[in-house]
Amino acid sequence: MTYEEVIFYVVAAVAVAGALGVVTARNVVHSAVFLILALMAVAAVYVLLASEFLAIVQVLVYGGAVTILILFAMMLTRVRDQAGPVDGPQRPFAAFAAAAFMTTAIIVALETDWRGNSTEEATVVDINAIGNALFTTWAIPFEIASLVLIVALIGSTVLARGEEGEG
Amino acid sequence: MIPIENFLVLSAVLFSLGMYGVLARRNAVLILMSVELMLQAVVINFISFAVYLHPEAFTGVIFAVFVIVIAAAEVGLALAIVLRVFRNRQISNVDEADLMKW
Amino acid sequence: MGMEQAWLIPAIPAVAFVFLLFAGAYLPRRGDFVAILAIGAAFLLLFPVLIDLLDKAEGTDYTAGVKSWEWVQFGDFEINIGFYVDPITIVMLAVVTLVALLVQVYSVAYMHGEPRYGWYFTVMCLFAASMLTLVLADNLLLMYAAWEGVGFCSFLLIGFYWEKRSAAEAAKKAFITTRIGDVGFLIGIIMLWEKAGTFNIQEIIAFAEGGGYDSTYLTAAVLFLFMGAVGKSGQFPLHVWLPDAMEGPTPVSALIHAATMVVAGVYMVARMLPVFEVADAIALDLVMLAGLITVVISSLMGLAATDIKRVIAYSTLNSLGLMFIALGSGSVTAAMLYLFVHGFFKALLFLGAGSVIHATHKQEIDELGGLARKMPTTAITFGIGTLAMIGIIPLSGFWAKDEVLIFAEEEQNLIVYLIILASLVITGLYMARLFIRMFLFESRDPESYSHAHEGGPLITVPLMILGVLAVIGGFVVLDEVGEALGFAGGFGQFVLEAGHPHEYEFHADTAIISTVLAAGGAALGWFLWQGRAETATRVRETFAPIAALFANRFYIDELYQFLINRVVLTLSAIVSWFDRNVVNDTGVDGSAGLTYFTGFELKFLQTGKIPNYALAISAGIIVLALVMIATQV
Amino acid sequence: MEYVLLALVLIPVLVCPLFMLLPSQYPQLTRYVAALTGGVLFGLSLLVFVVYQFDGGAGLRYELQWDWLENVGFLGENGITFYLGVDGIGAPLVLLNGVVILAAVFVSWNITHRTKDFFVLLFLLVSGVYGVFVSQDLFFFFFWYEVAVLPMYLLIAVWGSSSHFGTFTRTKEYGAMKLTMMLVAGSVLIFIGIFALFVEAGAGTFDMTEIRRVGEEGGIDEDFQKWCFPLFMVGFGVLAGMWPLHTWSPDGHVAAPTGVSMLHAGVLMKLGAFGILRVGIMLLPEGADFWAPVLMTLGVTGALYGAVSALTQTDLKYMVGYSSVSHMGYVLMGLASMNEIGVNGAVLQMFAHGVMTALMFTNVGAVYDQAHIRDMTQFGGLAKQMPRHSAFFTIAGLSSLGLPGLAGFVAEFHIFVGVFKAGYWWAGGLGILAAAITATYILRMLARAYFGPANEKWADLKEMRIGEQFSAALLIAMILFMGLWPMPFIDRISQTVETIPGIN
Amino acid sequence: MPDSTSLDWELLAPEYILAAWAALVISADIFWGRLSKEQLGWFAALGFVIAGGVSLIWWDDSRQFGELADINDYTTIFRVFFCGIGAFACIISAKYVSERLLHPGEYYGLILVAVVGANGMAAAHELLTAYISLELMSFSLYVLTSYAKFDLRSNEAGLKYMLLGAFSSAIFLYGIGLMYGATGTTQYAGMSEVLSGDIEDIEWSVYLGLAMMIGGLGFKVAAVPFHMYTPDAYEGAPIPITALISALSKAAAMAFFLKLFTQAFIPLIDDWRYFIAALAVLTMALGNLVALQQRNIKRLFAYSSIGQVGYLLVGIAALSQDSASAIVLHMIGYVVTNLAAFTCIILYYNWTSKEEIYEYKGLAERAPYLALCMTIALFSLAGMPLFAGFATKFVLFQAAANEDMLWLAGVASFFSFVSLYYYLVVIREMYLGEPEERTRFRTPVLEYTALTVLTAGVFLMGLYPKPVFDIVEDGTESIFAGVEVDGGDGGAVLSEP
């Protein structure tokens, strides 16, 4: 049990706890907060996976933009005042399905004998290589991704913006 | 060093929790958050595969990047739609939005 | 011009039919003369054919004339339109053409002023054509075709007054009843073909005598054939149509339902008799039995009938029964002889009755009487016919009946013989009754009586001719007469008995017995029905139930009616109910409805709620994954 | 000459757009065009029938083969070809179609509602029928088969009539829908059968002559034939009105307008029997041999069942409809006898039933047009007002009850002989019995509605229209032609039938 | 290591044109006031025409863009096809949008961009590219679905489509991840190379990954049980968008599905074909059965399209080059027919704002030509002859039968028979119903022209599909290059080049 492992288990525990909070918290705002927690923990996991770059992206994009966005949305949709419970009637089925899937996925993860470099070692990926690849090897995805962002932008403006004569 | 299985199991757990959230929650925003969790799990998968198994091409890492980007965009767009629904009908609970059925 | 041209005999009326059908309406007198000329020509053509036959004959073995055309041929299957002339044919031809000619002439007066006057003659031509084809046909199929053809004509003519509901019904009844017999006829034909591979009668006979058929098979086949005869010749149990058939114009009854069509059955059996004889004995016994039963019930029913035409109709049944008894006893000669003379005196009776009806417009026996004073010719000729029918020596009926009796005595057991004798008495009884009630004593309906009068020559002349024939017709049995006419000998020398001539000898005992019985019957009739017929009334009252039984024809018609209404129609109703409710509404619509309902149930899966949809997706994934792993790993 | 078949198939299709272009305010013009087309088709059909000469082989004549789809996917050298050709069995049926369409056009003269559309659909139907009779390619066979079904729904549902009974009602929509759905359900089975057959034959072509050749060389396994034949038997059987899948036929015929009933009962039902023969028996002889008893049983059942249930029908059209079921039962019997005589009889019966049932519908239509009811118990003594009409109807009836000298007898007799020859005594006997029952209900109807005392209620009925009289005359001419001189039909048919494998 | 050489950007010209045209349209909407809203639609259509024309440059050419996409006949066919769909979508939208929607510029822009995504899906031979393109298309469609801002059903449709789309793409991604982990690549070719070898050790993750990818794709093509969003999205979306979804997203997803399973997963065909078959059966059954119950024409078409997907899946289950061509053929036929039908629906809606089936009563009186075309389209969808549906279905099912999938073909033909019923119901309304008023509608020239073109297409496909079939064959050849399938048991191996 190396210290990395210790760290991993801690982080993982936090992440799982956060996730649990997200999906179980009675109060919606709390689950938002739990989400932040979970995301941060996951960022830490990235670090453990020797991808600091992604960790940073994660913190910036999620810790910043996404959660703020979500909180705004909650505020605007006055989630608090929504009548009725937070969870739907099909919760037990949900639990069952999730459990079933979890078992399957875990078994798969353990049963599979993953091919690759035998040294159980996370190789550090050089950021330059990534950047380089993004613009050369992965040019199409990159450009399309930009289109996706534009679409999302236009879409959300068109849909969200209030028209004249609308309260 | 940490064996890859740990990360995979972690992602499996996160993914399932997210799935549970999607299935169990009523509020659109909460469902979105759960989806985000699932995507996180996916990202963990990709990265761990990349760095442990196939570092030479690190396709997984690239994939992860794009997934994060898409996820962010998704949230934005989805929230816009949720907002639109709320404006028109004062609801954000998805199971109340069943004008159309059968 | 000889036997090879025999086909012209039916051809001429056929042509006349087509001509009248299209042109008749535009001819003067609706073209009745065309019909008469056609049938007359056919009658005349008979003689060259006969002469040719006699010329070609050596002693008493006659070489038949044959002429045939191919109608259908493929593979080894062929159907011919063939004509065949031999003594039996000649006898039949003689009756048909002669009676037909006389009846046509008679009709000109009788049918005068009818609506559809032209139509009557048109159909008559068709009938003549079909009937003659039936007679001349050399193969069973052509015979069957003509057989149906005459049935159809009788349908048209019985239904001649179709505005009368009763006429329409009678026509229907006649056609359907005979049709039931024809089912058997057709089956029989096909069965005979199936083994012999031919429809030709002579070839079939040869094949049968060559033992080509397994005997039970053959028995079945001939019995099916006989079904056809039973239907056509109104034998029990298919006799019910004939009395009703009297709805048609009287000349029609005379021609079709007395002289010609109804004897077609006899003719057919006579033709096929060799085959019958090859078959098991039971076949001929059944033929005889059918005849016997018919004889009995018909004479009893005749006793109670009040419609003069119906009475004659029953007498016809009676005669037909005797013919079948003769056939059942294996005698072609007797049967054909009876057929021959029967044609004349029965036609005579009908035409006489017709003349009475024409004069009085009454045919209920109780509304007539004393007409002898008003219409002597009719009375005399009718009397002759009656006596001939009863079989008083030396009238024609006697000789024929005598032959039958002789054969019955030889071939059948005593009971049968006695039954026949008994029937003679009854026949005498009701024929006498008929004559007495029609012509003697005073009329019971002065009004119609007052303006009754003898018909014109067109009516009386045929009556006289037939009267003469009814008197002398029987003498052909005597060799002397036959030779005088240029035949090898008497009737038995001409119409051979299973290939070899049949000598006629006079059995004094039989003659005496039969004549005495018949005369006795007649005398008894006189005793009962003389004057106001109080005696008869008293007798009827004493035996009221039996009288009712006879009057209601043993309730056989009622029985059939019941069967048709209750059984057949109910069955049909059940089937159509089954068709609508089970096959259609349950089977077809049911399955459709089931599909529709499945859709109705399934659509509720679509709850419109996002979580449910998501659940469906994840469930799908998980099941897919688990099954895949389970099966593949 | 090889283009005559093409003309037969295409003229009706090509005339449809022409109809659409015609100005709809002159319905008379449309009718004339329709009549002209019908005449042309009749002429061409007659030509085909008359000049047809058997010349060895499978007896195909006027063949015309155009590539349609080949060398793509699973399709080989001549995968799907537009292959027309008529054999001795097709020729009489082509003539039948020509006769009936011409008659139907004149009978439909009084269609006033959307005349154009009516004739468009009618001729579409006709082209489908021609296509089936002359297609030698399995794909196009089925193609045209479906084309023939295609317009039925609208034809019945738009121009048809609903009938009300005391306890229940059959709306025209119902009849139309049931008819369409059942026929298409049948073609599902045919569809499957064709797929299987194509794979089994493995010749990469839908050319029937080719597949037949493969079969004769034993390329089609016997077990395969045994399970594949029922698909065709039942699938086509639906259209042939095979018991118990016949229920579309009475209701459909009743709902349909006269002209359509004529075509449908007269010609379309034949497609089913024709399909069983052309695809089922010709391509899968061993399977046919194996299933013949079943087919025979179903055929007899249909014949008796139809006749018996016709006995109590009071609606004229229902009576005719059930009689169609009964007569198609004979056709199936003839096919099931699997010998030359029987199959000849079956084809003859297809023609005979076609003309006589068309004639019957013509007459029913003629009286329905005026009286607007079809309940025979309401009528009586119609022969007074409509003598010709009654005569025509009587002739039709007599033909269908098998009176010698008319078409029905020739056909039915051959069938019975064939059935007996094949050793089905019981079937033959029952079949003949059914013919007697036919006589019963026909005469019952005639006595009820046409003879007997005239019913004053209908004193104002007039003789049938001259056009209808023409149609009736035409059909009767055909009935007499076949009834008196069947040889022209028989030698065309028999020579082809001889060549069919499995027919002894 | 994917080589970063040979990035010849001109290969992507059509996509660039489309994207640029989108910008052009949007800005034209903002700055060029003289351009009426309808003309804007036609303008967008023009862009599609240009892009489609340009993409023809690479016909009969086989090029690769890096390791990501290849530009061959398959791609070209679909590029042209998608551009065609887009063009028609724009034309038939024009009136509708100008009368009922805000922001036409963005509307057309999004359609253009969606087509870019679709092209990417068809072109990619690598999962990341395919996935991103998929998302691009989906995003545009999410927006367009909820484009009628103040129509509650439209919003709701958008919400459902969006959320479930996100959910399913998460699943899809997880599947991709597993597959990537197992095979170490996202290249189709690379994957099938690994999979055709011995996969004893990685089979767990392979099969889970496969299952989840099937699920994700199943969602996009709307296969039961992943179809749930379809009816609601179809019903809620503005009608032209309904048409677009039913045509574009289905076709693109199917192109992706086909290419992926052909080039990557065919070595495992015996493992997955029966699952696809099962999905196919479920899809056909549910789609057609529930369609019997529908009252709303859009919803009816949603279910009928589900049924059609079932038929396409039949082809996938019996995957071989023949069935691949058959699939593409049927898809083209189906899309053309569907567009024709939707053109009619839109026109009727423009006139009367009605979309319930019973409200179509008497259409034949008021607009005979429209009713005629609608009838033709419906019969074609039901697989009746003379029209596209018959020929293409026949070929498709026969192809399935050739791969020992006769039973499946049988099921398929049975359900296509069931489908006839609900199409007939619509026809009945049009021809038998009594219209409220008998006034004829005035005929809009452009739409009628488009309708005529589409109907002509339906007839062409039905009466002489040879030319189309030949083209399609070239396309499928190019994706089957190097892949060899032996029919019958369907086992497949990768032949050594």
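Note that the chains are named A, B, C, D and E in the order they appear, and that numbering of residues resets to 1 at the start of each chain.
What we mean here is this: a contact is a pair of C-beta atoms (placed from the backbone, for glycine too) under 8 Å apart; a residue touches a chain by one contact, two chains touch by 3 or more.
Values in this document were obtained by computation on a predicted structure and should not be read as measured data.
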item: Joint neighbours of chain D and chain B, given as chain labels; value: C, E
item: Chain pair with the higher count of C-beta pairs in contact (A-B, D-E); value: A-B
item: Chain located farthest away, centre of chain E as origin (C-alpha); value: C
item: Farthest chain (mean CA position) relative to chain B; value: C
item: CA centroid of chain A to CA centroid of chain D, Å; value: 70
item: Cα-centroid distance, chain C relative to chain E, in whole angstrom; value: 78
item: Between chain C and chain B, distance of the C-alpha-averaged centres to the nearest whole Å; value: 97
item: Whole-Å separation of chain centres (CA-atom averages), chain A against chain E; value: 31
item: Where chain E touches two or more other chains at once, by residue number; value: 2, 128, 132, 135, 139, 142-143, 146, 149-150, 158-160, 163, 167, 171, 178, 181, 184, 203-204, 208, 231-232, 293
item: Shared-contact residues (touching 2 or more other chains) in chain C; value: 603, 606, 608-612, 614-615, 618-619, 621, 625, 629
item: Interface hub residues of chain D, defined as touching at least two other chains; value: 181
item: Pairs of chains, among all present, that meet the touch criterion; value: A-B, A-C, A-E, B-C, B-E, C-D, C-E, D-E
item: Chain C-facing residues of chain A, complex; value: 88, 90, 93-94, 97, 100-101, 104, 108
item: Contact set on chain C toward chain D in their complex; value: 71-75, 77, 141, 144-146, 148-149, 152, 159, 162-165, 167-169, 171-172, 175-176, 179-180, 182-183, 186-187, 190-191, 193-194, 568-569, 571-573, 575-576, 579-580, 583-584, 587-589, 592
item: Sites on chain E touched by chain B in the complex; value: 1-2, 128, 131-132, 135, 139, 142-143, 146, 149-150, 152-153, 155-160, 162-163, 166-167, 169-171, 173-174, 176-178, 180-181, 184-186, 231-232, 235-236, 293, 299
item: Interfacial residue positions of chain C with respect to chain A in the complex; value: 609, 611-612, 615, 618-619, 621-622, 625-626, 629
item: Chain E residues touching chain D - in the complex, by the definition given at the top; value: 321-322, 325-326, 379, 384-386, 390, 394-395, 397-399, 401-402, 406, 409-410, 413-414, 416-417, 420-421, 424, 427-428, 431-432, 464-466, 469-470, 473
